[in-house]
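Should a chain be cited, it is by its letter among A, B, C and D, assigned in written order, with residues numbered from 1 in that chain.
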Amino acid sequence: MGTFIQLVFDGLSTGSIYAALALAIVLVNQATGLINFAQGGMAVLSAYIAWQFTQWGLPLILAILAAVVVSFAFGALVERWLMRRFERGDPDTAVVVTIGLLTLITGFCAWLWSYNNRLFPSLFPLETVDIFGAAVSVRSIGTIAVLIAIMLLLQLLFIGTKLGLALRAVAINPQSAAFSGLPVGRLLMVGWGLAAVLGALAGVLVAPSLTLTPGMMDGALVYALAAVILGGLSSPIGVVVAAWLIGILENLAAVYVPFIGHDLKIAVPFILIFVVLIVRPQGLFGRKVVVRV
Amino acid sequence: MSSAASLVQKPWVRWASLAVLVVLLLVIPLLFDATTNATLARIGVFAVAVLGLNVVMGYTGQVSLGQIFFLGLGAYVTAYGVSQDWNIVLVFILACLIPAVAGLLIALAAARLGGLAIAMVTIALPIVGVPLAKRLSEFTGGSQGVSAQFSDAPDWSGLADDQWQLYLVILIGGITFLLTRNLVHGKYGRAFAIVKGNEAVASSMGISPYRYKVLAFTVASLIGGVSGFLYMVVIQYTSPETMSFAHSIQLLASMVIGGAGSILGSVLGGAYYVLVPQLTNIIDPNLTALLQGAILLLVLFVLPGGLVSLPRLWRRRRGKGSGTSPSPLPAPTSEDTVSIALGSRGSTPPPPTPPTESEERQDT
Amino acid sequence: MTRIRRGMRAASVVAGIGIVAVLAAGCRGGGDTPSESGSSAPSPGITDTSVALGITTPLSGATAGPGTCTVAGITAYFGAKNADGGIEFGDGKTRTVEINALDDGYDPQKAKANFDQLKDKVFAMTSGLGTPTNRAYREAAIADEVPQVLIQTGDPIFSNQQESPWQLGFVPIYQNEGEAFGKLLASSSENHTVAILAQNDDYGEGYVEGFKKGIEGASNITIAKELTYEATDTTVDAQLTELASTKADVFFNAMSITPLVISALQKAQEINWLPSWFLPSNTSSPGAILEPGGASAFPGVYTVAFAQSASAPTFADSEEGKTFLADLKEYADYPDVPAFPHCVWSYQIGAVLDQVFQKMTEPTRDNFMEALRSIKDYVAPLMLEGSSVDTTVDGQPAVSSVIVQKYNGKGYATADTWE
Amino acid sequence: MTLLELKDVTAYYGPVQVLEGVSLSVPDGGAVGILGANGAGKTTTLRAISGTVRAGGSIVFDGTDIRGMRPDQVAALGIAHVPEGRGTLGDLTVRENLRVGAYLRKDRKQIASDIDYCLDLFPNLQNRIRSNASALSGGEQQMLAVARAFMAKPRLLLLDEASLGLAPSTAKNVYEAIGRLRRESGIAMLVVEQNANLAFTLVDTATVLETGRSVLSGTTAELKGMDEIRRAYLGG
């Protein structure tokens, strides 16, 4: 029985890595209607910036805060000078632009900090705590806790605040939003800036266990996309729950389903998507979109 | 200026240019050394792969990130066929059919889903394909991969291996391009375009989006199989790494850079896929990712419609210069109004880039 | 005829121009046809004053870390030698060594393309990382008679002279490392149950195959469970949990991804499963892996090595270690301590080639291969005492003898018996 | 006191000139109609005012020249534009659409009571308050568009073809509600409308456009009296 619970907790902490990235992807999608393939790359860049600050002697907390501020500015500038030109064009081109941005950022990190592994200090100590017979490290509990906080904040932002509403209005119809006085340009920049902040938090949470390399988040990107689709593009809570589900079911399938095993467990999220979307095309929690022709 | 436009309409000019192209394709392999022939052959392989992706993505508007899986599958079928000493023509047919059947089965299930979900299902193909290839090692040679020597030049041809391989690529690739051109310029192509434009409108016209999406996927995976066969003709070795997810993303980028939804764009896309890594290797092998990202963004900035829109853009710039451009009254596209909405106060907005046909957005 | 419409006209004209333009960009490397390498005519890539070596290796993508090292080490070694005037060849001429490295991003077709680019400009290919990439141009290298030697892959096919006359591996084949540890474990007096976690490719399979050969016939060793993982996985926690449930007292670990080994060491402690560990040579460095992983918590951590680990604390103080790090910084623009062993191995490959060049009597590839296969009992720099280079044995790479080491909290010490 | 003054306003779509010279003025609290055949430049005139198309000539609102300003800056000055096609924010609920309308306002309590006022003004929206705007009928979306514009507490409302695509009875209801809105809030209005009869129930004066030029203007009574106006627009 201990193994089962252990696998569930392992799944939760792995799922949290995917969830953190997925939240950033949802935020960009809600604010600009785009799927940002470079979200993982931007998270890695933020983690490198935080790492560089620690090398210059800043304590970890301050380094992370500084990196968060720099990431916000970087996200806003990327929107203004790069993405703005493609937001209203052909969506395939916009996706490839984000792929170009991902390659460029990975190359930039490799050029500045090399492909050598960098050890990244963790906010949380390594000790473990016993929960229902499963040993769970304080670090993964910390990651899950921070993640839940971000998720609730994001949910509040979108449903409760004027800014969240404005971001969504701009994504749906920027001209109509402008007629109500919404400063469209600035809001798009804020949307990307906030997503970059989310990405930075994801990067900083994950770097201690994955060690900092330019391609650190590439593996998590696919899982994050799966979580975004499974959870529904419009619902932060849905995406986090979907990411946890993927993490847990992946582990359980690998151990308990004979055919799958650890090499094919990566197929689990896709089987999940298939089953769920056949039943509920808008995802587990997304709102049903009725389009009148 | 207008005489040049009418010159090109005359039938004999069309025939002459076609003849020139055929002669060029026949002579080229004999002109250059082995290295260049090998590069050209690889461009041919990936031009066919990008062409397949264009059928399902450029022309039919469905997002597919799994095209490299069908290339890998075609390559494995070829390698296995050669290792069993089957007749080469049978091997080629299987290399086309098996991926096509796989594509058909996947499409039958996936085409029902919405756009982003189809993208996710196609992402699963390379990501699950690599560990699966390792697991089925008795067919695929597992992680060591498998090589297949079957494309050396026969003695009667008097050609060097690289020339023979390039001719094979030109012959098979050329036929694939011709058949696909006729498909997309014909009845099916129009149906694909309508499905891409608006599925609701398509079904109201009696065109079932589901049926044409499945057809597009199946044709794309068949062409993927052809490119897999040609991959083995040229590289003569394949391993699970061939169908890695990173390559699927690069194929998508090459399709867009070449020019989505265009036959010539597929050729340029194949050339981009093969030549850019060689170019970055010349500049500085340690900066591959930085340079490739920069080149990708630079091209998209200058040519959002891809390389294939270069002649049109160049003609328009020349046309605008002489001021007599008879451009029709452009409808107030969303770019004009939105760029004004986003632009800063008082600055006259950048001249609205006229939307290429792939960027046309209905102005709801 | 109606099929040939306006579209065809534009396509054919521009395609013709397009192909010619593409050629101009593509064919700048067109050299002369390969000269018949007669007994005395010099092979390509070598002149009286210099020799060029070619490397195709992953300098981008997931394996760029070790890939960059495969170039840095050899560049550092020959950078230092070139600074002292170059290397005195067996034929009396002193030549400087030039390294031409190209990135293949661990993609077989790019590796073959890079080989096509380099084969007429370099004397020999060397030091490239990866089984699929090296296999991709193996047949072409044999057909063009271009040496593909001292490459960084443990795939046994490259060290079989009958199958690969123009090839030779450098690092011990994976089976050797697994077998050495298996024999040591079998020599222990008590009974042991072993849990195995191996990378799902030729690397992992080779280690497990060798280990099973090493414990053949040993009644006191039983394998409790054998699992695999994917090189692209972000974590192996689930596998660790499953293996821990077997309560095995020895953990045979064939993993080549540094972050995953660190997280495995941490995870085992979390679920308080404290077996003795075996780690492969390229993921056992004290500084980069054992310290962050908190390895001192385990009764014993064994590895197999033939070269010193760059991040071991004693390394930086040793004479050879200092010169290595200095050369790396000055000639290979690699400023900090590498987290991967491939830098040290690449440096050693340079040293072995140095010996071969000194034995060559003619500037031809055939003569080079003869000299290459005649190195015996050569202790390259940074090698652990007791291991040496021996290229004379068919079926074995340049380095085959390996020493089982035990981690003593700071660095490694040779372990002759299992106490 | 004139609230809005247009003098010889020109406008271009790319290289093509659409407005050659439009002049009109809207008194404070007044309601002016813009009549004209299809393509006369009615919608483009409103776009020139709200800054969604490049314009020449002078456009002065309450003393400040607003030509060349961004749409959101024009909106911030108190001009609300209900665009052709209504510009509904489909994925947002009716309540969320109304809250977006009040984006620039800080008075939270007043916003809540204004929402109730809108629901009273347009009863159909009352039971659709929670559903997505995309699920509303054409008439309901038009009402929502006007309500959203009102939520910004503008001084001038630009209405573009409010009756387009609506059944005659629905169009009448919408115009009655707008008439009530004008009486109770005193907002000035500039109304583009094909259906002149409907427009005349709301506006005091009107200007007629032909091929991008304002040719004549007058009170509703004067215009009704003119034969060519009756023949051209009133089906007389």
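Here is the rule we use: a contact is a pair of C-beta atoms (placed from the backbone, for glycine too) under 8 Å apart; a residue touches a chain by one contact, two chains touch by 3 or more.
All of these numbers come straight from a predicted model, not from anything done at the bench.
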Most distant chain from subunit A by Cα centroid: D
Chain pair with the higher count of C-beta pairs in contact (A-D, A-C): A-C
Expressed in whole Å, how far the mean CA point of subunit B lies from that of subunit C is 35
Using the average of all C-alpha atoms in each chain as its centre, how far is it in Å between subunit A and subunit D? 42
Subunit A to subunit B: how many Å between their CA centres? 31
Hunt down the residues of subunit A that sit against at least two other chains at once, touch-wise. 107, 110, 175, 178, 184, 214, 263, 266, 291
Where in subunit C do residues touch two or more other chains at once? 60-61, 68, 200, 230, 232
Return the residues of subunit B touching two or more other chains; collapse runs of consecutive numbers into ranges. 131, 134, 286, 288-289, 337, 341-344
The residues of subunit C that touch subunit A in their complex are 60-62, 64-65, 67-68, 200, 227-230, 232-235, 237-239, 241-242, 244-245, 258-259, 262-263, 266, 269-272, 288, 292, 294, 334, 336, 338-340
Looking at the complex, which residues from subunit B come into contact with subunit A? 57, 63, 109-110, 112-114, 116-117, 120-121, 123-124, 127-128, 131-132, 134-135, 200-201, 245, 249, 252-253, 256-257, 260, 286-294, 296-297, 300-301, 304, 334-335, 337-338, 341-344, 355, 358-359, 361
What does subunit A use to touch subunit C in their complex? 2-3, 6-7, 10-11, 13-14, 17, 107, 110, 114-117, 119, 126, 128, 135-137, 209-211, 213-215, 218-220, 223, 250-251, 254-255, 261-263, 265-266
Under the stated contact criterion, what part of subunit A meets subunit D in this complex? 162, 165-166, 168-169, 172-173, 175-184, 234, 287, 289-292
So in the complex, the part of subunit D that touches subunit A is made up of which residues? 50, 52, 70-72, 75-76, 80-83, 87-92, 96, 99-101, 103-104, 132, 134-135, 148-149, 151-152
